[in-house]
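Two complexes, one shared chain (chain A), two partners (chain B, chain C).
Here is the complex of A and B:
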């Protein structure tokens, strides 16, 4: 039992130290500022006079910014945090201590995941603030459209943030796995983006092949759909925030979270298998 | 612990490179035993396999064949590293932490208990002579200070075996002398020290035993005195001898069946001369400033 406690303590130390390093990087701050600026800029579209449609537009715009910049940050930060330790050879000093390589990897992953939590929280807070302000303004101007109360379910904005954060976790774990056998930053980033596109669009292939009869092609697509997680499952923005009739069931949310957690663990374990053979 | 600090048997390490998987042999059938409370020097030119051997001892690399044990435990086992402290060559640390925070971080990674951690950190920082700079950011440290804070992080969990990879590389003679003194202090405290270097003059006065590696193979191994001593010749250091006296000595040598091979003036090595001069100058400055402050206060 004390062994597990010590192990958790070491992971926490590495994660905390790496997180401190991450938030001091200019890249994180730049991406964060650009994302906030983009979300805030959506309020300038009010001059098109969408009416209550403006709220939907701001929400979609904010969710889009969260997905795009979050994906960029997740891949770039994980790659940078991993390779900075190898290139500066601080990994040599840490791994020469009584520490398992899995603890080192999990520490790195958790640091990147905490960074993404900060990013997601800040963006969802800014988005919620803007939506709240615009909704209040529209309520005063177009009172008759708000007879049933507020249009926006603010809890759903954060629920969407949580699901995106889970997706960033899977993406960070995939990036860590690629970094574990790759020799350069650039290769890791390029391959990770390639995998992100596959994961994002794999549902199209699944739809296309679901109509064909059983055969090698269908079998191959099914195998690939198991290897690459389906990121469309996390994109439930349309079922959230404005869909007053049916909120997303808790069981579905838990299933999506479980799906993300499963793939995160699998890719971290694969990273460990590859990293244990790597020359430091 | 009755086992030797390190026991290496038949150690071979091949690196594969290229698409065809061509092999490069970095360490070739190495056999070594490093005993407890010994300062052992691993010598050799660049590319001789010193760092690879150290990485295998630390469990950072897996040997292609052979075995390596630390106090009887396989070096690949994480538990074996509880008794090992390591200073890598040209260490780089988290620049935004202070020296004290850095050593504390490594102490916690090594599982030093919270009740003793402050005492341990203060103690090793004092040992390496960085008390005054302990709360400065590591990013502002000189090369010599980085080596010393590196030593502090290697020692903070009180390991029995300390492995130092090129501990004096790039450090000025004063810094090197300070590090050498710390290594001697470690021996006095009962620690075993394995150090690798190609700065042979520094090793010579420090190590009990050395091993010389070349292209991954062990070339020589033994006590420093045994290896460098010329058994067939002896030196006589004489003072105040006249020309007649010298002629008489030479004649006696010849009569006793010996042969005078060469005569030379005893020399200080440059390191010793540098240290002597700098320390003398430093002592004079301190004496002067002491006298001035006394004069000022009077």
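Here is the complex of A and C:
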């Protein structure tokens, strides 16, 4: 029992120190600032809008920024946090102590995941603030259109944030897995981005091949869909925020969260399998 | 034995173990994924390989991946303007499909895409083939019909996404009417549009007029009478126009004065009612 407590303590120490290092990084702060600026600028981008409602446009834009910059940050930050220890040789010092490689990996993952939590929270808060402000303005201007109360369900903005955060967790775990056998930052980042694209678009291939007869193509796509998690599952923006009639059931939300959590654990274990044999 | 411990084989073994583990995990998670995916998928715009494969190299990955789909569709629409100016109909067609895929929500995209395909592209095609003096009338009609069918397909897809939007039904009717001069089919679509909630008043009025143009005078007369009776006294309903048409039909059908249509208030009163509605409308427009 005390062994587990000690292990948790060690993981917490690694995660805490790595997290502090991560939030001080210029890269994180730059991405955060760009994302906030982009979400705020959605008000001005409406000049290019052709028919979508103003609030819907701002929401889509904010969700887009969260998805895109969150993915970039998740991959880049995890890679950076992992390789910084290897390149500066501090990993040697850490792992020379009675610290398991799994603890090292979990600590790194938790730090990256905490970083993503901060990012997701800030972006969703900014987005909710802008939506609240614009909705109030519209309510004053077009009172009769808001007889049934507010249009936006703000809880859904945070629910979307939670699901994205779960997805960033899987992405960070995949990045950690790739980093565990890769020798360079660049290779890890590139491969992780390709994996992200595959995970995000695999459902299109699966749809396309599901209509054809069983053959090599269909078999290959099915195997790939088993290997790579389906990230499109987390893309529920269209069913949240405005769509009160067909809101996402809680059971589905729980399934998606469970799906993300399970894949995160699996990829961390895979990273451990690969990393334990690695010469540092 | 030493061959089995070759670094490449060891690496391959580790890779196989990893892939196998992921396959097992994928299989284990499949029921959860399928159950959630069914619900999530139902709320997402359709996206298929055919529609995006031509655009993946154009920086659209970001949009297709799930973020910025709205703004990307808007920017592509602006970009499509230059394609329209160049009269590049192949690119125009690809762009219409891509924009509709990226953001299928605004009816603006569907209606204007259908208009370009039905009205502009036939003109370009006739010019490409030598102009209106060279291309035979039959060929011009064939081109018009071909393009109209493509426009109908666009509107059909839009209706599958927005089944209660009367504008999409009206647009099909307009193409039948203005592009193909097909009153019979146009009437069918105007009637469908008029039966939808939030349909504009003119949909039913035009349907009545189309019946008349088809020579179905009696049917038109009865329909317009019902319409006049049931329409509210809203100036935008333009009841005076309907009454005017009823009177024209009464003259055509040679209906005796005593048997002519009267609103609940009587013949003269209904005339006054229609005139006051017209005055209201003019007042509002001023």
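Definition applied: the second predicted complex is superposed on the first by the 270 of 280 C-alpha atoms of A that agree within 3 Å, B and C clash if a C-alpha of one lies under 4 Å from a C-alpha of the other, contacts with A are read in each partner's own complex, and residues count from 1 in each chain.
Heads up, the rule we're going with is that a contact is a pair of C-beta atoms (placed from the backbone, for glycine too) under 8 Å apart; a residue touches a chain by one contact, two chains touch by 3 or more.
Everything numeric in this text was worked out from a predicted model, so none of it was measured.
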With both complexes overlaid on chain A, does A:238 touch chain B (first), chain C (second), both or neither?
second
Contact-wise, after the overlay, does A:10 reach chain B, chain C, both or neither (first, second, both, neither)?
first
Return first, second, both or neither, reflecting whether A:98 touches chain B, chain C, both chains, or no partner chain.
first
Between chain B and chain C, whom does A:90 touch in the aligned arrangement: first, second, both, or neither?
first
What's your read, chain B or chain C touching more residues of chain A?
C
Quick one: is A:21 in contact with chain B, with chain C, with both, or with neither? Answer first, second, both or neither.
first
Which holds for A:118: it touches chain B only (first), chain C only (second), both, or neither?
neither
Look at A:63 in the shared chain and tell me whether it touches chain B only, chain C only, both, or neither; answer first, second, both or neither.
second
Once the shared chain is lined up, is A:279 touching chain B (first), chain C (second), both, or neither of them?
first
So which positions on chain A get touched by both chain B and chain C?
277
Listed in rising order, chain A residues that touch chain B in their complex are 6, 9-10, 13-14, 17, 20-21, 24, 88-90, 92-100, 277, 279-280
List the residues on chain A that touch chain C in their complex, please.
45, 48-52, 56-57, 60-61, 63-68, 196-197, 200-201, 203-205, 207-208, 223, 225-227, 229-233, 235-239, 243, 246, 248-249, 252, 255-256, 258-259, 262-263, 266, 270, 273-274, 277
Name, in rising order, each residue of chain B that touches chain A in their complex.
15, 55, 58-62, 78-79, 81-82, 84, 86, 88, 90-94, 96, 105-106, 108-111, 150, 153
Within the complex, which stretch of chain C touches chain A?
14, 17-19, 21-23, 25-27, 29-30, 32-33, 35-37, 39-45, 47-49, 52, 61-62, 64-71, 73-75, 77-78, 103, 105-109
